[in-house]
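Following are the structures in question.
One chain, chain A, appears in both complexes that follow, with chain B as partner in the first and chain C in the second.
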Partner chain A sequence: MNESDGKRRLPRYDEAALAYEHPLYKTLLAAPGLSVSVAPLDLLLSWGTMNSLWVFPMATSCCGIELMSAAASRVDLDRMGTIVRATPRQADVMVVAGTITVKMAPRVKLLWDQMPEPKWCIAMGSCAISGDFYRELYSVVPGIDTFLPVDVYIPGCPPNPEALMHGLLRLQEKVKLARAGQLVAKEYPPNRLDITKPSIARLSDPARDPALSAAQEKSAGEATATDESDERGGGNASAVEPFAAETTSTDVEALLRELGVTEFPKDGAPIVPVEQHVTLARRLRAMNYRIFVHVVATHFPEKTGAKAAPERFEVAYALRSVGSGSKIASWRLSLATGQAAPTLVGVFAGADWQEREQFDLVGVRFDGHPDLRRIMMPGNWEGHPLRKDYPADKACTPWR
Partner chain B sequence: MNGLVHGAVYGGVIASVLLTTIAFGIWFERKFAGRMQSRLGPTIVGPFGLLQSVADVVKLLQKEDIVPRDADRPLFDLAPVLAALFSLGVAAVVPFSPTIIASDLDVGVLYILAVGGLMVIPTFMAGWASNNKFALIGGMRAIAQSVSYGVPLVLAVLVPVILSGTLSVSGIVTYQANHHWFLTWPVFIGVPAFAIYYMAMLAESNRIPFDIPEAESELVAGVTTEYTGAKFTLFYMAEYVHTLVGSAVGAALFLGGWDGPFAPGLHWMVLKTLVLFTVVYWVRWSLLRLRSDQLMVLCWKWLTPIGVLLVLGAAAWVQFVPGGFQ
Partner chain C sequence: MEMSEAHAVLASARRARVDPHLSIKTYDPEADMMLLHFGPQHPSTHGVFRMDLHLDGEIVVKATPYVGYLHRAVEKLCEKLSYVMLTPIVDKNDYVAPMTNEQALNMAFEKLLGVEVPRRARWLRTILAELQRVASHLLWLGTFTLDLGGALGGGSTLFLHCFRERELILDLFEDLTGARFHYNTHTIGGNRHDLPAGFAAKVKQVVAVIEARLPEYAALSLDNGIFKARTTGVGVLDGDLALELGITGPVLRASGVDHDLRRDAPYHAYDELPVNVVVGHGGDCRARAEVRFAEMRESLRLVRDAIDGVPEGPINGYKPIRQPTMAKSTGGQVYVGIETPRGELGTFVIGGGDTPTSPYRLKIRPPSLHSLSALPYILPGQTVSDAVAILGSLDPIMGEVDR
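Let's turn to the complex of A and B:
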């Protein structure tokens, strides 16, 4: 720690790597006379470590495919003794290959903490390095070096397997130099096109505010602890009535007219009164429209001026009929602020998660849904990211 | 006293040779697997990558030793040691040549079954002590598996015992040297018995298609999920030693051990053992893993009844066929 300039500096990771020593090795150093033997021993130890870098694959997206092919016949990481271990306890290098989301970051950190020292981290691909073109997205961590000490950056989108091999060779060099007591120059993330200023100081940045690290630790802890997305909440799906008996009619337009729809716009699905929504779904299901394709909610913010309009939400549904000559039936609901849509879970089981997703991202409530909780974002997330008024770049402090 | 000295000297030599063989056995497997997948396998560390296992061990010994907070510390530490001990222990009664044998027990076969069967204890111990759900599931699967393959294993091993009329492993090999290898005669008993032995041996040493306790795609790394560094090394080696010794036992019981044309001796035993050892890896890199229930079906519905029939057949052979038993 360098306190002289008044700012606490995070340790450079290379020093931290040097700091870990096996207890036996420390005893050897301390014993008088024996420490002479350390020089040849060092050579042996670094030779062993260098040539047996076992990888923990933190592969979350497309880069992971390149990681896999690096182990296959063309490049064959096994040539240099690198194999993939499924458990962090037996791995030396964490290769983060892919986009890391805010929900994923605490898990990555957790797995990293499970790895035994000495350990290294490789950021593979621009997503891991800086968040790539997703970096301004509300849910993406802008570079894993905001919370993990990265040793080698491998730029590319995706980097090809040869580049990964090169990265590992570079890591070998680093291991060797570090063991020989030479401080390795800090790796800096590759230059980005400076479209936007980096919004967060990296772990290696001397100007980084220590409070930020603390806040990230805390937020990671909370996101892991309070995220209950695996536990089922209250509610009861079976309380919803079963759907109506089959009918043979196939004329969707006639059905819509019967339910009081008068306008059939050319450029979109008809808007159905909210009261008729569930009836419509039931009747359609009875008419062989059995596949729940999607529900998509859209937020229309309040407009002022010539075309003034209040804030509203539109929820679009689509069903597909089964069998040959499959057809699509779609309609929309128009909701005012705070108005809820009746759930379709009782009619289509597949509506359950899809409605949860729309609730999570847009904030539309679904009346009677048995288990309306967040599904994509961590449980303690604030706000609904796909609303137009959602501040995208301030989305998840302190990750950004 | 003489026996003790003999056992200590020969045991020490055999154990160290086995462990060295294992280092190259692992290299060999990686090369072999590489060639099967049109890769090269280790090439960079040492000539032909021969020093790969040495580098791995040097690396593993340097790693931090992590013990989970809620682990059962004594059991957690003991399990890898026991695993290494039991897997090497079986080698004590295996005759590598007419004279190279650590201890020529009268009940050698019984000893092999007992010590080999004990292997499941450290496995479950590790699963239990780690306090990790994957490790525990792995341990429980190991128990379920051992109950299933244990019976056919014993039945298959009984066949050479009945045919030769002795429980001593070197006695069985001597009998085969004087008459026929059990694999070649009586062939309709020897071949299926050997097949059952081989399958049960694969299951005992947790090799694909029976590596159910380790099942990487389901259980992370099974019972060894929580083990790091030196302890993991012990487990890793124990597994290979177990496979190698299991191959040696198979060679001794069914393939005539050190017996062979020209000059009977150590080289024949080593050759047969290594061939069986290679087939293990051939199988390992070709087949998929069975599910637990499929293993049980295989062991209980097929191998066990066939094993019983083989034991009866062997007994009938000895009793009724002239020259069947000398």
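Let's turn to the complex of A and C:
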């Protein structure tokens, strides 16, 4: 068949036009008792690829639960040939389901690089697409397309399982078109990229600096090494002190008065002298306040003018009594700049991580803590983000 | 070292408390130890959590957990936004139980602003919290058996069953709030959505379905030989240590401590609807599973009892909020803790400051962070496969661990 016949030119992969015209097909069909089905190899391959998109779940948060729901009974992704593989080496599609933080981003990049070609990427949910409402904050990557080539975006917070299914169907269409050579890469007008004003150039942005990609590659390579060199906040080995039942009193206020506290403000816990702090915790523990609730450090920056006050930190502690009629006992320490609070690790093992968190985020040091290093932020992070003078939208290169 | 010998040594070491800060070099410099990075992307870590496991053969000698891979700076965000804008933000913390997140936050704000919640809203909150507890425990059971049996080892049967029942509860929430997942239904002073027509009948139907199927799940898990072998005596957590670490919820009760905020410091309508607290014994993975099973039954009973008795009246006691600036605090510090499916979820708020419409400092006390901090104490002496079972039995949700 050719154009000179004046007939309509058929599409490249129309099996009716090509395969059934093939002389081999006609020969085989002539053989008695043989039934033959013929398709171009390329068609077979793209059919196979389309209908066996194996998913690698890069599930970090809420969207991951919806990804699980999609794989479970009601929606059942398996009937589309989509099964979930826990290793990148067996997967075709990375579904990034959830928020990606600057601490996680190097790992995501590493996992992406471990996936064999051909591979596709789906950004599931607003956090993966743009960082959602966390996008201006210090620790969140504003959209994974700043370091991964995203094929399909599924909006929602989180998208329903049905939406994920729809996204996979759209990816199937895309795979089919790409294999048939019919997919034209969209050219975004440059002003359209400015609509969302990303704080970092997307991979598809023509104005993106190649040095940025290089920096991201380098950072991904160093991802695991970084945590080993965590900054330590000093301190020495812990001495676990024995449990001492030294009081029979049950009245917290009487105990506080005994320890030299005279003021009991109505709008908060009483402020306890720093030197009485560990004794208080131990005595409260003997009074059945045995559940360690929290440590909260707060930054009060220097004030000038009529209400002038120097910079200070407040650390609030709370313990809870066990069993019937459970009550909270709480107190505060007031610290000047650079002053350390005595650690409670010797009295309550649970203070370990709590004090590390407050050291990490607020920058209060705890004297005698055996392992005072960052817990939430990467080891090479600079500054303490929950201080009032730390901007809420400070960029962290190279991921933001 | 021989396997049995190593077990014996480590079993005796387990009776004394492990020092999580001891350098690994002090154990045995001659030993051929291996360092295994477990996570942060691993299907059994239930999110993004990493442990460094020092192994002698297959036995864990030392475990160093790393968290913070999902640190989304929620506390910084809370200082930027006003009180009424924060409910949908904290939904995303514990994404398996968003209802109880909203409740913990709004109860703290109500205490700070001095708002009384009407009785109908308190009953409504009780019912939602208990339904959420069942949904959360169902998700835990499904993923826990998946961890134990693997996708090809029979664990996925229960996974599929549990998700089927969880969808029934999510459908109820969708009827009520319009959302499957992040509900945004609690506000300062009450609730946003009242019960739709015919809701009680639907709830009773769902409760009956799940109650009838729970024995089947118990037969598939608690009575299953593989499940027994994988959980009995594995990951024993001592009650004293659990208290000291600040562990609450089913994990604490499985260690034999009789403590439940719903009974001991009643909030919502729990003073009118008494809860039978489930206390386990043994403190191993099996005890934690048994406690959660019994809690599901107890929650379903509570919902069935409560749904017909919901009192009439308004569902919000606060002035209707039209602008974010309407909720203002002049100062003060409050802490409110409630019993979520994972334990005591607390919110500590400092009001006032330069912008009275938003918190000066807000700290969320996540129960999962405290549960995870038990790992360096209970993992040494167990095998790598037990580490997966122990992690699953603690039911951590990384969204609230890292916030």
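Simple rule for what comes next: the second predicted complex is superposed on the first by the 328 of 400 C-alpha atoms of A that agree within 3 Å, B and C clash if a C-alpha of one lies under 4 Å from a C-alpha of the other, contacts with A are read in each partner's own complex, and residues count from 1 in each chain.
The rule is short, and it goes like this: a residue touches a chain if its C-beta (ideal position, glycine included) is under 8 Å from a C-beta of that chain, and two chains touch if they have at least 3 such contacts.
Computed from a predicted model, the values in this text were never measured in an experiment.
Enquirer: Classify the contacts of A:A86 with the two partner chains as first (chain B alone), second (chain C alone), both, or neither.
Expert: Both partners, chain B and chain C.
Enquirer: When the two structures are laid over each other on chain A, which of chain B and chain C touches more residues of chain A?
Expert: Partner with more touched residues of chain A: C.
Enquirer: Of the two partner chains, chain B (first) and chain C (second), which one does A:K176 touch, if any: first, second, both, or neither?
Expert: neither
Enquirer: Considering only the touch criterion stated at the top, classify A:V322 as touching first (chain B), second (chain C), both, or neither.
Expert: second
Enquirer: Touching A:R365 in the superposition: chain B (first), chain C (second), both, neither?
Expert: neither
Enquirer: Using the superposition on chain A described above, determine whether A:A72 touches chain B (first), chain C (second), both, or neither.
Expert: Both partners.
Enquirer: Looking at chain A, which of its residues have contacts with both chain B and chain C?
Expert: Touching chain B in the first complex and chain C in the second, residues 72-73, 86 of chain A appear in both lists.
Enquirer: Taking the touch rule as given, give the residues of chain C at its contact with chain A in the complex, in rising order.
Expert: Where chain C meets chain A, its residues are 17, 19-21, 37, 40-43, 47-48, 66-73, 75-77, 79-80, 89, 92, 95-96, 139, 142-143, 159-161, 163-164, 166-167, 180-182, 241, 243-248, 257-259, 261, 263-265, 331-333, 335, 337, 344, 346, 348, 350, 360-361, 363, 365, 369-370, 373, 377, 398-399, 402.
Enquirer: In their complex, what parts of chain B are in touch with chain A?
Expert: 30, 34, 37-45, 49, 51-52, 54-66, 216, 220-221, 224-229, 232
Enquirer: Mind pulling up the chain A residues that touch chain C in the complex?
Expert: 57-62, 64-66, 68-69, 72-74, 86, 98-99, 101, 103-104, 107-108, 111, 133-134, 137-140, 157-158, 160, 224, 227, 237-238, 240, 267-269, 290-294, 296, 298, 316, 318, 320, 322-328, 330, 348-350, 352-354, 361, 370-371, 374-378, 385-386, 392
Enquirer: Within the complex, which stretch of chain A touches chain B?
Expert: Touching chain B from chain A are residues 20, 22, 25, 44-45, 47-52, 72-73, 76, 78-81, 85-87, 89-90, 92, 114, 116-118.
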